[in-house]
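Several structures are given next for inspection.
In the two complexes that follow, chain A is the common piece, with chain B as its partner first and chain C second.
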Partner chain A sequence: MTTKKRWLTSLSLWLAVPMVVLIVSVNLEDGLSSTRGYWMTATTKASEAVVFTGMVAALGATWEASRLRRADLLAITARSRLLVVAEALAPTVVVALLGTLVSYAMLATLALGAPGGPAWHVIGVNLAALAGITGWGLFLGFLLPPALSLTICLAGTYIWYFVTAAHYQFPLWARFLSGGFLGDPGVWGVPDPRALLAALVSASGLLVAGLCALLLRDRGHALVAGVLMVLLAVGSGCLIVRPLDYHPVVARTGIACDRIIEDEITVCLWPELEPDREALVPEIVRQHQAFTARGIDLPSTVSAAQEEPEGSLWLPMFPRADARSTVAAGFVHVLMPQELPESCPNEKFPQHTMDAVLAWLRTTAETEGHEEYRASISARSARALDAVLELPPEAQGEWYAINRPVLGTCSPDPDTLDPRHLAPEADS
Partner chain B sequence: MRWWLRARLVLPGLVLLAAAWAAGLASADQLFAFPTVFGPRAHVPVALLAATAGLLLTTYGLDRSRTPVELTANRPVLLWDAALVAGTALAAVTAGLTACFSGIPEGLMMARTTVAGLGVYLVARAVVRTDLAGLAPMGMLTANIVLWDVQAFPVAGPWLLAAPGSAVSWWVSVLVLVLGLGCLLSRFPTRN
Partner chain C sequence: MKLSTEEIIYSYGWFSSPVFDGLSLDIPNECTVLLGPNGAGKSTLMSLLASAAPPRRGRVRVGSWRSDRRRDLAPLRRAVGWMPQDIVPVTGLTVREQVAYHGWLKGMSRAEAWQASFEALRQTNLVDLADRSSGKLSGGQTRRVGLAQTIVHRPSVLLLDEPTAGLDPAQRSSFRGVLSSLSVGDTVLVSTHQTSDLSDLFDSVVVLSEGRSRFTGSAEAFLAHATDSSESVERRAEAAYTAVLKEAP
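Right after this comes the complex of A and B.
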């Protein structure tokens, strides 16, 4: 077969345009709204394109393998089987890599100019996932009749990439096996190595299954060996990711800290936040002082890292964002409970207290849109908020300290929501 | 007849179809997100994917026709094939109606997808190679999803993703099935 004919009759080539359109569409929809200025986020979000490149790679590989099977070419060729298949797969590999490149190029615009560079280990896992699904396509193409293999391949990729991530019968961690969902870490997080490892292990099993189908001359042996390899690899992947929830992100480590002598506050920033240091640090100090002036006991070290230094106050901040709004939102975030009960019986959730405390934090921190939020809460919460804001600063902090522990529990609104008992005249 | 039943994989095809329907109806409230060319992702019932996947062995069985023995047989093989397709479609509609009256309206969508899927397969096998024709039902579902403008039509999408009782989409599905049966019975030249 001539090179031109090989390309023109390749299924992947015909699927290339829809694939690129879908990759661009998805990246425009939510990829480009991810965290800016952090290579890790840009890389993991770009890796999500594997759901399309993987589908095309699998279908292309199945198509080529079923053509080779139909022609019985591998049985009569004097050349290496690997070489014959590699030549047949060239258009598929090029199209899949093109899609991958388009996705990475689009999302690299989020991080251009940021310190460091693309997360090469994530790209490596992404390419391994692509190789794995190509191997799976070869496996199906060589072992099943052509009319069956393509359809099973398409249905299989739907299940592998989409249904595992959506169906309640699949555990939340099952989506990480395909390598298409590596999380959307903020600057304080990195993908959980277990999710990456599980994707790598699963991909290896799928690839080896493809190699079994290619290299073993007996179809029955290839089928048994391939299925065993897939079960072994996917099973191992399941064991690796079982402890994870739906968000495979762990805390990033290695942050640098600077002590600000005059204000006795230590601020730790990631390299991605350094360009904004001059705007961020005064804002952090100002917000820290505003809350401590209200009697809220905050650690003297404010860190952009989640877990270091030990005992510090974690402030989630975003690179290339407005310093005032990102710091204010960060303080509000850490002063609210990090986890709420999954569900509470009716009348057993302190909703009014929750709204009033959040509104007070937003007003104190002067977050963006805090006035609109004040207008959106219930009349009872609004009355409590207005009463709190009339209190002296330290009494406001006391009101927060009394009501804050209730927020993470299933309990009705406490009597302490009404701050009148903290008013100076109530004391006298 | 026994030869035809085995050649067309009638029993395995019906078993797979029934299993897929059971899985689809059990997952009636489950949706999966799939990107569209218009931007926002479409949330597609898993049941539709199950209904399409359930046709796999039926279409594969139909693909195993045109052997020399069959082409020279004086049995009404084409009529049997047409009866298999029509019977499968009728069974799907009956099951869909039953599910709908049992409070699972997605059953009607599954039935419509089955009817359209069979029709699209028969039309496609008259035009393209049989292995590509096997892709037609799932390809048709994929095309419906990616062409769904979720922002403009948030509740229901085109054709297979329309509301379960949409008369237009039912008519189109039945028309495609009739067209497909026409291609099958007219011995439309098929490509191997």
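Right after this comes the complex of A and C.
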């Protein structure tokens, strides 16, 4: 078959345009708004395109395997079966890789010029996931009649990529098996190796199932071996990712720290933040002093890493952002509770206290838009905030310390929301 | 080229009874017709001889190649041209492209296969249809495409499974004409369940029934089973066939 004919009769060629349009649209809508200046985020976000490239790869592989099966061509060929299938799959592979390349090229613009380079292990898992779903397509195409195989491929792949990630009946970790959702880590995080491993294990199972269908001459043996491989691999993948929640990101390690002698503060920055060091460090020191002056006990080491050095204050900061606003937002973020109850059935939630504390933190840190936020909270919260701001700095910190513990709980607003008991005249 | 089966055991599924239970058969090195009633296992035997289906036990020998040796599979398949009963067009290809693709599958280079496809089309009177979509042909034309793709790589052994099944009398006659003019294969095996297909074309006969060989020998020896002294080959063949099947234990 000529190369031109091979392309013209390939289903993938006709799916290529919608695939590229979808990848570009999703990246414009979502991907390009991710963290800038960090290769890991750019790589993991770009790898989400596998939900589209994978659909094309699976359908293309099913189509080609069906064509070979229908005319029983593998039964007569004197060439290696792998070679015949590779020749038939060439357009599908090229189209899927083209989609992958488009996604990586688009999102590379987020990180161009940043230290390091693309996360090759994430790209490796991405390509393995693509190979796996191609194997799944071959498995169906070789073992089922054409119409049935294409229908099952379309439905199965759609469920694999989209329904598992969107439907509440599937556990949150199920989406990681496809390799399409490896998180959107900030500069302080990296994809959880368990999510990567689970995607790799699942992909291997799907690929081996495809190879069974291709290489085993007995269709019954191929079916049983393939199904067992898929069950074994996806089952193992499930066991690996079961402990994870919806965000498969773990803390990044290996941060470098510098002590700022005159202020007795140690600041630890990632290489991605180094270009902004001159703006970030004075702002970190200023914010640190502002909060400690209000009596809030903060560690003397401020780190952009989540878990190191031990006992440090984690400050989430974004590269290529305005230093003043990212540092201010970082302080507000860490001084608020990190976990909130999902809901409080039959119980109260301390919403007024929550709003008042957050507004106070934002006002103190002078975050962008703190005045607008002040205008948006309830009258009770606003009254409390105004009263707090009239207190001396140390009393403000005391008010924060008293009210902070109730924020992550299901409980009514405490009486301590009203700061009058902390006013100097109250003491007298 | 020597073509034989040795102690072949084959069944369609794991739990179904075997179609062949130790079938050993030597196909004469000439033009042979494989006769047998429907369900005798002719098509299965053809696919086994072509190494398209693997036997559960036993082996096929084509020349010095054995189907149970992995390294022999490629040369064995190159040596054999198998035309199955159902010819399925490869979606999207023209007649010539389909024939050339089969040549490539049999190990020819693309250029060689493209060249050879023209000769195969010429031999099967398909040159005029070369650019027509292979999915838009009549039954007789599709059979001829099947034949062209079977002979494109000039096999030494030609296996034709019910090549005239489903054709009207005119098409059958035309197809037989094409067959007789072929100049490929030193061993030709044609399966049929119709004794009317037996003609001067064939030198020897194999009769298969219920998965067993009931007769293997020359066409004369086969016709000698006929009690009918008619001069018509067709009627004598019919009588001989009935007699052979009756003699079967």
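Keep in mind that, in the parts below, the second predicted complex is superposed on the first by the 425 of 428 C-alpha atoms of A that agree within 3 Å, B and C clash if a C-alpha of one lies under 4 Å from a C-alpha of the other, contacts with A are read in each partner's own complex, and residues count from 1 in each chain.
Operating definition for what follows: a contact is a pair of C-beta atoms (placed from the backbone, for glycine too) under 8 Å apart; a residue touches a chain by one contact, two chains touch by 3 or more.
Just so it is clear, the model here is predicted, and its values are computed rather than measured.
Legend: residue contacts after superposition of the two complexes on their common chain; A:E310 is shown touching neither chain B nor chain C. Once the two complexes are laid over each other on the shared chain, residue contacts for A:L73 go to chain C alone; chain B is not touched. Touched residues of chain A were counted for both chain B and chain C, and B has more of them. Within the superposed three-chain model, A:E264 lies out of touch with both chain B and chain C [touch as defined at top].
Of the two partner chains, chain B is the only one touched by A:V26; chain C is not.
With both structures placed on the common chain, the touch criterion links A:D297 to neither chain B nor chain C.
The intersection of chain A residues touching chain B with those touching chain C, taken from the two complexes, is empty. Per the touch definition, chain C reaches chain A in the complex via residues 13-14, 47, 50, 52-54, 73-75, 77-78, 82, 84, 88-93, 97, 100-102, 104-107, 110. Residues 18, 21-22, 25-26, 28-29, 52, 66, 145-152, 154-155, 158-159, 162-163, 165-169 of chain A touch chain B in their complex.
On the side of chain B, the complex with chain A involves touching residues 27, 30-41, 46, 49, 52-53, 56, 59-60, 63, 130-135, 138-139, 142, 146. Contacts from chain A toward chain C in the complex involve residues 1-2, 5, 8-9, 67, 70-73, 75-80, 84, 217-218, 220.
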